[in-house]
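One chain, chain A, links the two complexes that follow: it is found with chain B in the first and with chain C in the second.
For the complex of A and B:
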């Protein structure tokens, strides 16, 4: 049963990823990306990381997709067809990507992974404790750094998106 | 672990996803499309972290925590990229890569 669900999800991920990078309509390509992200959340549910799946759905499917849709709607005419690379360039790039994929898969299948059979589930409490622990193996420092990074990104996004207006106000003040 | 699915199948899916993202990154001519391709690449790496954590080190959490950090960095990156795209559109009324010539206005 889980096997069938995984194959369906994998098919959706790959098919919509390809559709997303080859669609000529901007908004459709964003919606295909949304399908890809939701299927990835489904994969997280399958391997029992419910918290990560929730993060994936809220941040990616909820936040990032909405941001990108906003930028598409504000910047583009919806019906405008995208300019696309020359067919020769597309074919060359596709071949290079297939070559790279071949190298990846060859390396993967020739490596012997030490898989441990398990059915352990991760509790959210464990993640929280690990994230805030300052003992050995704790993640308190990256956690604080990432919060500063988010603050900096927030301020930077406001300053950049406001652009000229803000600097004019500064000059008059 | 997913019953009946080996780590190889999961890693194959993420490799394909990664290279689809690389393909889009190279062939697309539009800033927003490039942003979408970058999201695909980042997602492929996040799944890799999670899968290797689950299949090879089930009693540790490093993979999950790193994927949380990657998602946070991706969110920050998207917000900044979108604001840069807005600003650029205001300056030159276009988001095509070939129209962008200046880094500073």
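For the complex of A and C:
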């Protein structure tokens, strides 16, 4: 049963990933990408990692895709088509993709995976404790680094959005 | 435990007459059918309720001719919508145009699955329930954006953009106000959240910050369902019908139903998180668990009525007022509120009995 669902999800992911890069309508590509991301969330649900699945839905489907749709809505007209790249470019891109796929497959098949029976669902409380634990195996350092990064991004966004206004206010003050 | 015994009997019977794999698929289909029915019935009933409440506020009578007190009015409307022609604009992106209503509908249905109607009437008791609800509600807006863009209509796209801005901003407040309550419960699982409320509803347990969180949740919830006074999306005096201007017949009805179901979901979340879900007040009917659905629906309907009250009382906000309300008032209030709640829980100042 789970195997069947996995293959269905994998099929959806691959089909929509190809559709996403080959579609000539920009917003359709974005929607195909959304389907890919949602199916990945489905895979996470399948392996009982609900938290990551919900994160995938919130961040990628709800956040990034909406952001992309917004930018498409602002710049793109409904009748526009994306132009087809030159054959030479297509071949180079195809080769690079195959190379990447090769590296992935090689790593996957050369790594010795340990199969764990009886997987338990990760509790949110455990994730929270791990994130803030400074003992061995804790994630406090990356957590803090990311929060600093986000703060920097926010300040940057404000500076860009305010633009001239900010420096003018400083001069008068 | 009538409900439980029915579902258990069906479960046992299914597994006795067919192999386990088939039986579980059949079971899933049955649950899906039950939820689709709930979806349709609740949607139609809420539309009727809205019209009656609106009439009451405007000193009219409202629909009362079709069936007893107009109970079949929305059913007739639905049949009318089913028979209507499905129109569309020239040069619209047909694929996305047809896809958009399903985004809205599916996200509403998925959210409905996590809501505990009673102790046993709970399809998907996931351990991240509340977070899952927030995640799902962020997908519905994609349907609105797509519908607005792919109908190739200026009014529709303006409506869609407004909706996007509004939903993304207010999602923050919905999430943060629910997070405030999670500080008390310490769990995201909805069944456990209700279990905790056996020693007092959370709005009592958390008193001041809980009441603030409840108010923020209701305001931002109303905004997220795009209802008046936050219905910039379909401001009829400016935008025609907003993002669904070009939709007709059943596709329009999907958007329309989803709006009402979303209102129901917001009210249901509020009832579950703040007012004890299917728990009876002071445990008066604790010995009769069948009444759980009844109490849940009563609480939800009171909150739905509150949202309708908003709709027919307040005038519509401007876009800048809308965003000011969210970013300059609700968000800071929320952030302070979380800290307040954390202090409350830390010092053990919650009220329990």
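Assorted remarks:
Here is the rule we use: the second predicted complex is superposed on the first by the 136 of 173 C-alpha atoms of A that agree within 3 Å, B and C clash if a C-alpha of one lies under 4 Å from a C-alpha of the other, contacts with A are read in each partner's own complex, and residues count from 1 in each chain.
Throughout what follows, contacts are C-beta pairs under 8 Å (C-beta built on N, C-alpha and C of every residue); 3 or more make two chains touch, one makes a residue touch a chain.
Here the structure is a predicted model, which is why all the values come from computation and not from measurement.
Residue contacts after overlaying the shared chain place A:34 against chain C, while chain B stays out of touching range.
In the superposed model, A:70 makes contact with both chain B and chain C. After overlaying the two complexes on the shared chain, residue contacts for A:160 are found with chain B alone; chain C is out of touch. For chain A, the partner with contacts to more residues, out of chain B and chain C, is B. In the superposition on chain A, A:50 makes contact with chain C only, not with chain B. Residues 51, 55, 63, 70, 72 of chain A touch chain B in one complex and chain C in the other.
Per the touch definition, chain C reaches chain A in the complex via residues 21, 24, 91-93, 95-96, 99, 126-128, 131-132, 134-136, 138-139, 141-142, 145-146, 149-150, 152, 157, 160-161, 164, 168, 171, 186-188. Interface residues of chain B, counted against chain A in their complex, comprise 1-13, 15-24, 26-30, 32-33, 35-37, 39-40, 43, 46-47, 50-51, 54-59, 61, 64-65, 67-69, 71-80, 82-87, 89-90, 95-96. Chain A makes touch with chain C in their complex at residues 1, 25, 27-28, 31, 34, 50-51, 54-55, 57-58, 61-63, 65-66, 69-70, 72-73, 78-79, 121, 123-125.
Those residues of chain A whose C-beta lies close enough to touch chain B in the complex are 2-3, 6, 10, 13-14, 17-18, 20-22, 26, 29-30, 33, 36-37, 40, 43-44, 46-49, 51-52, 55-56, 59-60, 63-64, 67-68, 70-72, 74-76, 82-85, 89-90, 93-94, 97-98, 100-101, 104-105, 108-109, 113-120, 122, 126-127, 130-131, 139, 142, 146, 149-150, 152-154, 156-158, 160-161, 163-164.
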